[in-house]
Each structure stands twice: as structure tokens, then as C-alpha cells.
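Heads up, the next two complexes both have chain A, just with different partners, chain B and then chain C.
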Partner chain A sequence: MSVNAMASESSDVLVEIRDLVIGIQRTRKDRLLIVESANFDIRRAEILGLVGESGSGKTMVCRSLIGTLKRRSASIFAGTIKFDGMDLAKLEERQWRSVRGSRIGYVPQSALTGANPVMTVGKQLGEAIRRNRKRKEKDVRRRVMELLELVHIRRPEVVYDQYPHQLSGGMRQRVMIAAAITQDPDIVVADEPTTGLDVTVQAEIMKLLKEIRSELKMSVILVSHDLALIDEVCDRLVVMHAGTCVEVGSVSAVARTPLHPYTIALNRSRIDISTPGAPLITIKGNPPAVGEWPAGCRFSDRCDFVQQDCTVGRNPVLVEVRPNHWSACLHAERLGGTSE
Partner chain B sequence: MSDALIEVRDVSVTFGSGSRAVRAVRQVSLHIEKGEAVGIVGESGSGKSTLARVLAGLQRPNSGEVRFAGESIYQRGKAYRGENRRLVQMVFQDPYGSLNPRITALSAVSEAVRVHGVGSRKDAIAKSLELLGRMGISERDAGKKPRQLSGGQRQRVSVARALSAQPSVLLADEPTSAIDQSAQAQLLNLFRGLLDGGLSIALVSHDLGVIRYLTQRVYVMKDGEFVESGLTVEVFDNPQQEYTKQLIASIPGRELHKALS
Partner chain C sequence: MTATPIGSGVESAVRAQEGEDGPRPQPTWEKVLRRTGRAIIVAFWVMVVAFMLIRLSPGDPVSAALGADAAPDTVAAARKALGLDVDPLTQFWNYLTGLFRGDLGASLISGVPVTEMLRTNMPVTLWLIFTSVTMTLVISLPLAMFIAMARIPGLPYLFRTLTAIGLALPSFLVALILLYQFGLIWQVAPIFGYDPTFPANLQYLWLPSLVNCVVLVPVLSRVLYSSILDTLEEEFVETGVVRGVRWNRFYWLYVLRPSLAPTVVLLSYMMGVMVGSTVILEIIFALPGIGRELVTAVTMRDYPVVQGIILVFGILVVFLSLIGDIVASLLDPRVRLT
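Take a look at the complex of A and B:
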């Protein structure tokens, strides 16, 4: 069964991403491909985890969902992103204005770059609230305070008048989360929203995302490098490596019976806190740079299970190896159950 | 602890004044020996980054003393003069804000190598590429500017830049927060090797697994103060303060770890 069969139980599918290709047009003839085949669904009211190697294209995929690839000089070359009768891959900037923020909220990876440095927190959030509906000044202020409290900002009345650089890293992140949900979107795309937050706040924010999911019925895409965290809060998981989705499935299936060697290798590099100081296992070699991918499977030259047919031909695509569990490994069948 | 390589005594930092004053760091003392790694943990806004900046000489405390190799770092109003400027390096929490947007990763690192006077331009480039490579940044990615790099790539570039000066103290503010688990393992293995070679590290991290793995001692910070400190193993296995207990209880996957071990 191929990726096209993914949407079999499509009633609860909110966004359908198919064969998405993202890259940079460097000259008229020269294209640099960054993401080559992103294929996955976002279901209604689910928390979907997006994990993978640093530089594998997670942020690019997130940006394609809110139409801000251009700010990274990138664009969509092929593929579709179906959402509520629209194809986001083909949306004009003018049309994006009624989707970005109001239908799809975004928490950027770097809170410092996401925030406007010369505007106070209160002003920024207030403006986001007013963007869609006219509201009384007093109501806007009350709503901003509510949001700041919702994301557990202490002394919100002080923070209201502060500029982003006056906040600690974690406070800035929380302000960005507040900004993403101001307009009650259908989906919140959160690119490493708790990176650099202490674990208690992180736990609170995860609780918050779960509430957003179950009470406000929003879907959440959560990019994170923290596999334990993903395990705790996500329903399903997409694993990316070198510009491709290499594995998609329920969190428990991917964690317990991974069907791609990259996922297996990633799990092995986990810190074992019972033996502090012992050398950690890493994936051998370095991640290939964009455009320097090997022939065949892009993980083949670092893979422990590599076979002859892995190093030739095209990059393998996702196949449904088990019900609702896809892998792009040609030998996925044989890996089944190699978890530790 | 007079033989500490770097230390702060009774340091306080206050931002703003009047009713809006934020007492970010309050009467804090800390020391790091040669070859030692200490961890600084605590909730968001508790003053960890501010304290790291104090150690780096980038934030002058309102009161208290900062000493490096037995001497106050402030002389004639300036922090870390001469050679000492190279010996204490910092990795910032936000790698985007701390990298020059106009120059490539390779230039940023090789510039640092050259400023600190290591050989010819060619040698500096070779050395920088080697360092970036050990950090998992390929030659091709080394030729990119910050805007063209992913979050985790930027973070590793800023670590490489700090290490290229061959410091004796590294102040690392969340250096592994944005990278994948395998890259994190790679970086921690590198840190471990450097510690064996005599580097001292102050590691600010929200990831208690990383703190537990790398550091010998840990300071737990809350509202600008240390509420608990001691050997990392002891603090983790037998926390005394309510706050520390909470902190440890909220490590994700702890249940999973327990179940597996």
C-alpha cells in the first residue's frame, strides 16, 4: 500500500500533506531541494509529534503550513497541502492573511526572532487579538492578561509593559505560545516550544497543549528533540531524516517497534542516567548536508542494517508496513521489533 | 575555596528600579575548580542566564565579587583584560541572536581562532573545519550564514566558536536544547573529553538528564537564589528542598526510565 492510501479513514483528517517538495531557487536553473517528500496527515484534535535529525527539514515543513517559507528564501516546488478545501501549497500571500494566525497558529523555533523587539508584550498580543475582530480597548487588555495567566506568566501586569529582551528565555517562549492561540486557530504549529524551558514549566505547557487539544479541539504539531516528552504527550509521530519522512505511526508503535533504522539509532543515543559519564552512543558519521545526499536511501551510509539494494536508485518512499504504521526502509519488514 | 578557577561571592543583580525592580540574582556564591563541570538548574526566570553572564563578565553585578584565577575580573572598570578574555568563553542561550548574520559559520569560527592568535589563515580554516566537523557540521553547511542554518546547526556553530578560542572556562547556557539526541550525545562526549583535558564548565540546562550525565556538582536556583547545592548524584537521589523534588518529579519519561531499569 502506498502513501496515497494514507487517507483511508479520512473523516478525521484535517490536513493532508502529499509529496511535498520544498527548496531554494538559487538561479534560474539551479534548485536546491531541502525537503523532498513530506507525506503525512494531521488529524482533528490530535497532538502530532515531529522529530528527526537537526537540519532534516522540520522547520521548513512547519513554515510551509503558515506560508512563511519566503522569509528563509525557500518555496514549495511540488506537492499539496489540503486544508479545509484549500491547497495551502498554492495559496497567494493575500489569501494567507485569512489563514495564518487565525486558522493556523505558530510558535516559532526562536522566540527572540519571533517577537517584535520594539513592541511591548502587551501591545504585541493586543494587536494579534484585534487583527480579526474589533474590540474595546479594555476587553483587549483583559484578554491579554488572561492569556498571560493561561501560560503561567508571573506578575503579568509587569510583563505587559516589558519588551522581549527584558524577559528570560522561558518567559519569551510562553509569550509566543500565548500569541499563537489568541485567535482560536484550528491548528497550532509549535516548533520546539519548550526548548530551553525548565521541566516544571515544560510539564505545565504540555498540559496546556493537551488542554488546547481536548477542550478547544485544536490540533497541535509539536516539533521536539525530547523523545521522552513526545512519548508522553503525542498521539502520533512523524520521523524526518535528510529531507524525507522516514517513519509515521502511533507514538507507541514507533517507540516500541520502530520500523526504520534511523529511528532505532536515534533511540539508542538516549542518555542512560544510571551510568553518568559513560560514553554515549551516537549515530556514526555526520548528517549529510542538503544536496549531498547519497544515492538510494539517504541513511544507507550510516545504517547498521544496510543491504546492497539500499545504496542504489531513488530514495525509498513511505510504505504502510503494518496497519497505520509507515516506514521508508526497504527492509522494514525485517526490522520489526528491534526496539530495546 | 581560594583555589577555585572561577568564582562569584555574594553577587547580586537588579534590573530596573522602584516597584518594577527585578532582583534577578540575590547574594549568590558559586565556585568552579579546574576540570570540573557544575550544573545550574532552576525554573524559568530564576536568574540562571544572568548569573552566567556575570561569570562571563558581560553583566556587572550591583554588588559582590567575581574572581578568575584568584583575582577580581574587574580592573580599571573593564572585565577580563588581555589573555583572560580568551580563557573565559560563553555559549549563549539564543544562538540566533549571538551569531553575526552577515558572516558564514566557518568565518565566525575561524575569526575566533585567529583573534586568539593561532597560526596562519589557512591553519585557522583547517582547524575550524575540524572543530565544526566534530560537532556534526559538514564543510558545506560551514559555508552557510546563520539564516541558512537550522536551529540546531546554529547552536552547534556557537559552541564551536566558543571552543575554538581554547578556553579554560566554558559557560554554556542551554547548549544542547535545540539539537537531536544523537548530536547531543556527540557534544556531550566532546565535553567529556575536554573536561578530562582540564576545561572547566558551567552548564545551564533545563535537561536534568544532561546535568546528571555531565556535572559533578549542581546548584538549584529559584527566584535569584540557590535553594540547594551539592554533589549532583546526591541532590538528584536525595533532594532536600520541596522545589528540587518538584523539579525532579517533572522530568518527562521518568516513569518510563523507572519501568525500564
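Take a look at the complex of A and C:
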């Protein structure tokens, strides 16, 4: 079954990303591709994990969903992002205004720099509420309080008048989550929302994202390179490597029978703290640099199962190997069952 | 969406995790007061140094006034009349007590009270600084913002080159060129003179202010330009875009205000430097400012005048930097008053 058959599988698909190509136009002829083939769906009220090494294009895919690629001088060269009858890949800046915030919320990467340092918490949240409808000052304040309580901020009346730098990292990220869900969006894009937070706080933030999904029925895209975190909170998983989606499937299926050598390698390289002294397993080689991708499969250089046909021709595309489980490995059928 | 917290079960767990609310905001006035107290102490030391420097430098007012061949008893009488016959410590005490009565002494040469000189000449200098700073801000803020945000290839390079040239030009040269061009060729500015009343004085001040801009704009706009570039890299700018903030609020609250603190501190420092550097402009444009009086007083060893002017300059510099720090911390709460 081909990629195009993906959508027919489920009617609760919210966003459909097909053959997305993102890059930087350096000169008129010179294009630097960062994402070459992104193919996946976002379903209603699911937490979708997006994993991959740095430089795999995760963040760029996120930016394409909130329309801020231009700020990093990148743009979409081809492909579609279908969302509610619109193609986000072709939206004009003016049209984006009705999508951002109200339809798609965004939780920034770092709690440290994600909040505006010169505005109090109350002002920032109020601004997000006020933007579309004219609202009375009192109503805005009440709504902000509601939101702060919703994300479990203690003493919201104190936090309301505080500046972000006066809050702890965890609280700051809670505030950012509150800001993202202010206008009741369909999707919340969380780009590595727990960077720089300690593990216990990380777990709390994840818990909060899960609650948002189940209680508010929002879809969450969670970008991370932490597989343990993804396993715990996500329903489905998209694995990216060198600008390509290499495996898409439910978390349980991907964990049980990974169908791409890269996923297998990622799984194996987890740090096992239950057996002290166990050797650290790493993936050999470095992720190929943007623009220096090898011929054929991008993972062929680093793959343990590499065959002759892997290193020639074009980068293989996603194929539905098992029901609802896609892999971009030419030999995925043979990998099935090689789980850890 | 409902008002009830979702999954209230985690509430207690959250409480256990985060415990503290973080540092409470401290009353700002307390910090301002502490900072002001320190500024006053610095101003006092400026005065002490001014007193000592002029007395330690060679030459004295009596020989300057009477000439080198004056009879010894004429000199002694003159010294007594000027209060210079006692030891420096007593002189300092007399000076200090006079200060608290609002008496800065009188010129040894002309006999005009120093306070009187300050009252007539100081406003000219202050006006010159004020108009220069206003013009600098009006030019620098939009300029730096435009160049940082326009993303026009080659523009930042042109900007750096031009500002480097502006920085390298000595201000007396710029003053002469502009005076020649605007005053003589185009005849759109008066060549010299001053009118102390408010709207009329601007006519005499805009050209010297423009000269100051040639040096100030490059420094200020460069600092602001690089702070804006840093701010644009920050994630909260992205958050602001996604939040859909209106453009005018966006430029002010998400771009300019978080970038302003270093510029404000620099500006207050440069205003202090200008207090001294306006002397050149006052001389070239024949403005009756206090800087000119200071230069004359130093050459004449006119102790009370030098002391008085330096004291006022010192206080001015100290308090300008105090105001700069306070404004910076009001604009950007991350800046700490220490």
C-alpha cells in the first residue's frame, strides 16, 4: 500500500502532511534541503511523538505547522499540509493570522526564553485571549485565572503579576502551555517542551500534556529526542532521520516490532539504568549533515543491516508494511520481529 | 473549556514538586533609594577630587591676576582677601559649609557668584544635551530596528561601514563642515549666538545637536542593532508571532523593549560624557554654555568657578547614570538595580 492510502484508514484525521519539502533558498539556483520527505497524519485528540536526532528536521516540520519558517529564512518548496480544508503549505501571512493561536497553539522549546521577559504572566496570557474578540478587562482577568488553574499553577493571583524570570522553569513552562491553549486550538505543537527541566518536572509537564489531550480533546505534537518520554505519553510515533520520515506507527507497534534499522538503533542506544555497568550503545557514525546526504537510503552509511540495493538510487519512501505501520526501509519485511 | 482543574489528583503532587512560588517581587522604591544613596556618596567624592586637583596643579590665581613681578605684600593681601592664606583643609571646610548654605563662592577674577554663572550658562548646555539626545533617539531607534528586521541583503554591511565612518570623524571637523554648509552656503542655520527662550533657542541648537548625532547615532544604533538581532533569536518572538500579537504591540513589546536596556545604560553614560565634550561645540557655535566658562576658569586658576562647575557636572553625570539604570530596569524587569 502506498503513502496515499494513509488517509483512507481513519476518518478522524486532523492534519495530513504529504511529501513535504522544506529548505533554504540560498541563491536563485542553490537550494539547501532540510526536510525532503515528511509524510504523516495527525489524528484528533492524539499525542503524536516526533523523534529523531538533532538536524533530522523535526523542528522545521513544527515550524511549518505554525507558519514561522520564514523567520528562519526557510520555506516550503513542495508538498501539502491539509488542515480543515486549507493547505497550510500555501497560506499567505494574512491567512495565517486566523489559524495561529486560535486553531494551532505553540509551546516553545525552552521555558527560559519562551516567555516574553518584559511582560507579566497575566499580560501575556491576556494578550492571547484579547486578540480576536473584544473583551472586558474583568472577563480577560477571570479567564487568565481559569487557565492558570487549569495548568495547576498555585496561587494564580500572585503569579498573575509576576514576570517570567521570577518563576521556576516548570512553572514557566506551565504558563506557556496555558498560553498555547488559551484560544481552544485543535492542535498544540510542543517543540521539545521539557528542554532544560529536571526529570521530575519533566514528568509533570508530560502529565499536563496528557490531560490536555484527554480532557480538552486537543491533539498534541510532541517533539523530542527522548524515547522514554515518548513511550510514556504518546499514542503514535513518527521517527525522522536526515529530513525523512523513516517510520510511522503506534507507539506499541513501533516498540514491539520496529520496522526500520534506525528505530532499532535508537531503541538500543537507550541508557539502561537497571543494569549498572552496562555498556553505552551508540549509533555508529554521525547523522549525515544537511545537504550531504548519501545516495539511496540516508541511513545506509550507519545501518547494521545494509544491503547492496540500499546505497543506490533514491531515498526510499514510506510503505505500509503492516496495517497502520509504515516504514521507509527497503527490507522492512525482513526486519519484522527483530525487536529488543 | 471548564474552570475546574483537570485531573485534580495531580494537584497535590504538583504542590510537592514545586513547593515555592519563586522569589517575590521586591519593592522597587527600596532599590531605587539604595542606589540613590550610593550616587550621592559618589557625587561627594567627585567634589573632593575636584577640590584637590585644582590645588595640586601648578600656578595660582594671585600670580595669574597680578602678574609674576607683583610685590610680596600685595600678593599676601590678595591671598588673604581670597581666603587662600589658610591651609587647604580649612579651605575645604569653608567650601563645604558654604555649599550647604547654597553658596559656591564667587569668581576670583570677576567677582560674579558661581551660582549666578551656573544659572545663566548651565541651561544652554543642558538644552544642547537634551536636543542632541532627542535627535539621536529619533534617528537611532527606527534606523536600528529597520536594519535589523528588513532583511535586505547588503544593508547591514552598508550600515556598519557608514557608522564606522561616522565614529571615526572628529566632532570639531564635522561641526566646521556642517556650519560651513548649513550656515554659510545654504544659510538655513544661524552661525553663532543664542536666544534663551524656549521655542526660539531650538533654532540655534539644532545644528550643534546634529553634529553630536554624527557621533552618537553610530554608537547607539549599533548597540541597539545587535541587541535587536539577539532578541529576534529568542523564542518568545516566535511565541508572539504565533499568539497573533498586533504589529505595533509586537514591535514594541516583543522586539524593541526587550532590547532597549543596554542602549539606555549606554545613552546615560554618553550623556555624561557629553557634559564635557559640548565644550568644543559651545566654542565653535559661540553658545554661552557652561563648558566655555569652565575652560576659561581653568586657565585663569579661578578656583571657586572650577570647583563649582565640576561639582555640578559630577552630580549631573552621577544622576544621569542613576536615571539610566532606573529607566533600564523599568523597561526590562530582568535588569537588576544593584
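Definition applied: the second predicted complex is superposed on the first by the 320 of 340 C-alpha atoms of A that agree within 3 Å, B and C clash if a C-alpha of one lies under 4 Å from a C-alpha of the other, contacts with A are read in each partner's own complex, and residues count from 1 in each chain.
Just so we're on the same page, a contact is a pair of C-beta atoms (placed from the backbone, for glycine too) under 8 Å apart; a residue touches a chain by one contact, two chains touch by 3 or more.
None of these values were measured; they are calculated from a predicted model.
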Exercise for review: Give one of first, second, both or neither to describe whether A:Tyr106 is in contact with chain B, with chain C, with both, or with none.
Suggested key: second
Check your understanding: Should A:Lys207 be classified as contacting the first partner (chain B), the second (chain C), both, or neither?
Key -> second
Exercise for review: Check whether A:Gly170 is in contact with chain B, with chain C, with both or with neither, and answer first, second, both or neither.
Suggested key: both
Exercise for review: Would you sort A:Asp184 into first (chain B), second (chain C), both or neither based on which partner it touches?
Suggested key: second
Review point. Which partner does A:Ile281 contact after superposing on A: first (chain B), second (chain C), both, neither?
Key: first
**Study point:** First (chain B), second (chain C), both or neither touched by A:Ser269
**Key:** first
Point to revise | First (chain B), second (chain C), both or neither touched by A:Val199 | key: first
Study note, to complete from the structure: Both partners, chain B and chain C, contact chain A at residues 73, 109-110, 113, 154, 158, 166-168, 170-171, 200-201
Point to revise | Contact set on chain B toward chain A in their complex | key: 15, 20, 22, 41-46, 49, 93-94, 96-97, 133, 136-141, 147-153, 156, 174, 177-186, 188-189, 192, 206-210, 212-214, 232-233, 246-247, 250-253, 256-257, 261
Revision key, fill the gap. Residue set of chain C touching chain A in the complex reads 1, 3, 5-7, 10-11, 13-15, 17-18, 20-25, 151, 232, 234-246, 249, 253-254, 257-258, 331-334
Check your understanding: Which positions of chain A touch chain B when the two form their complex?
Key -> 51-55, 58-59, 72-73, 109-113, 154, 158, 166-171, 174, 192, 195-203, 206, 225-229, 231-232, 265-266, 269-271, 273-274, 276-277, 279-283, 286-292
Check your understanding: Of all residues in chain A, which touch chain C in the complex?
Key -> 66, 68, 71, 73, 97, 100-102, 104-106, 108-110, 113-119, 127-128, 131-132, 146, 149-150, 152, 154-155, 158-159, 161-163, 165-168, 170-171, 176, 179, 181, 184, 200-201, 204, 207-208, 211-212, 215-216
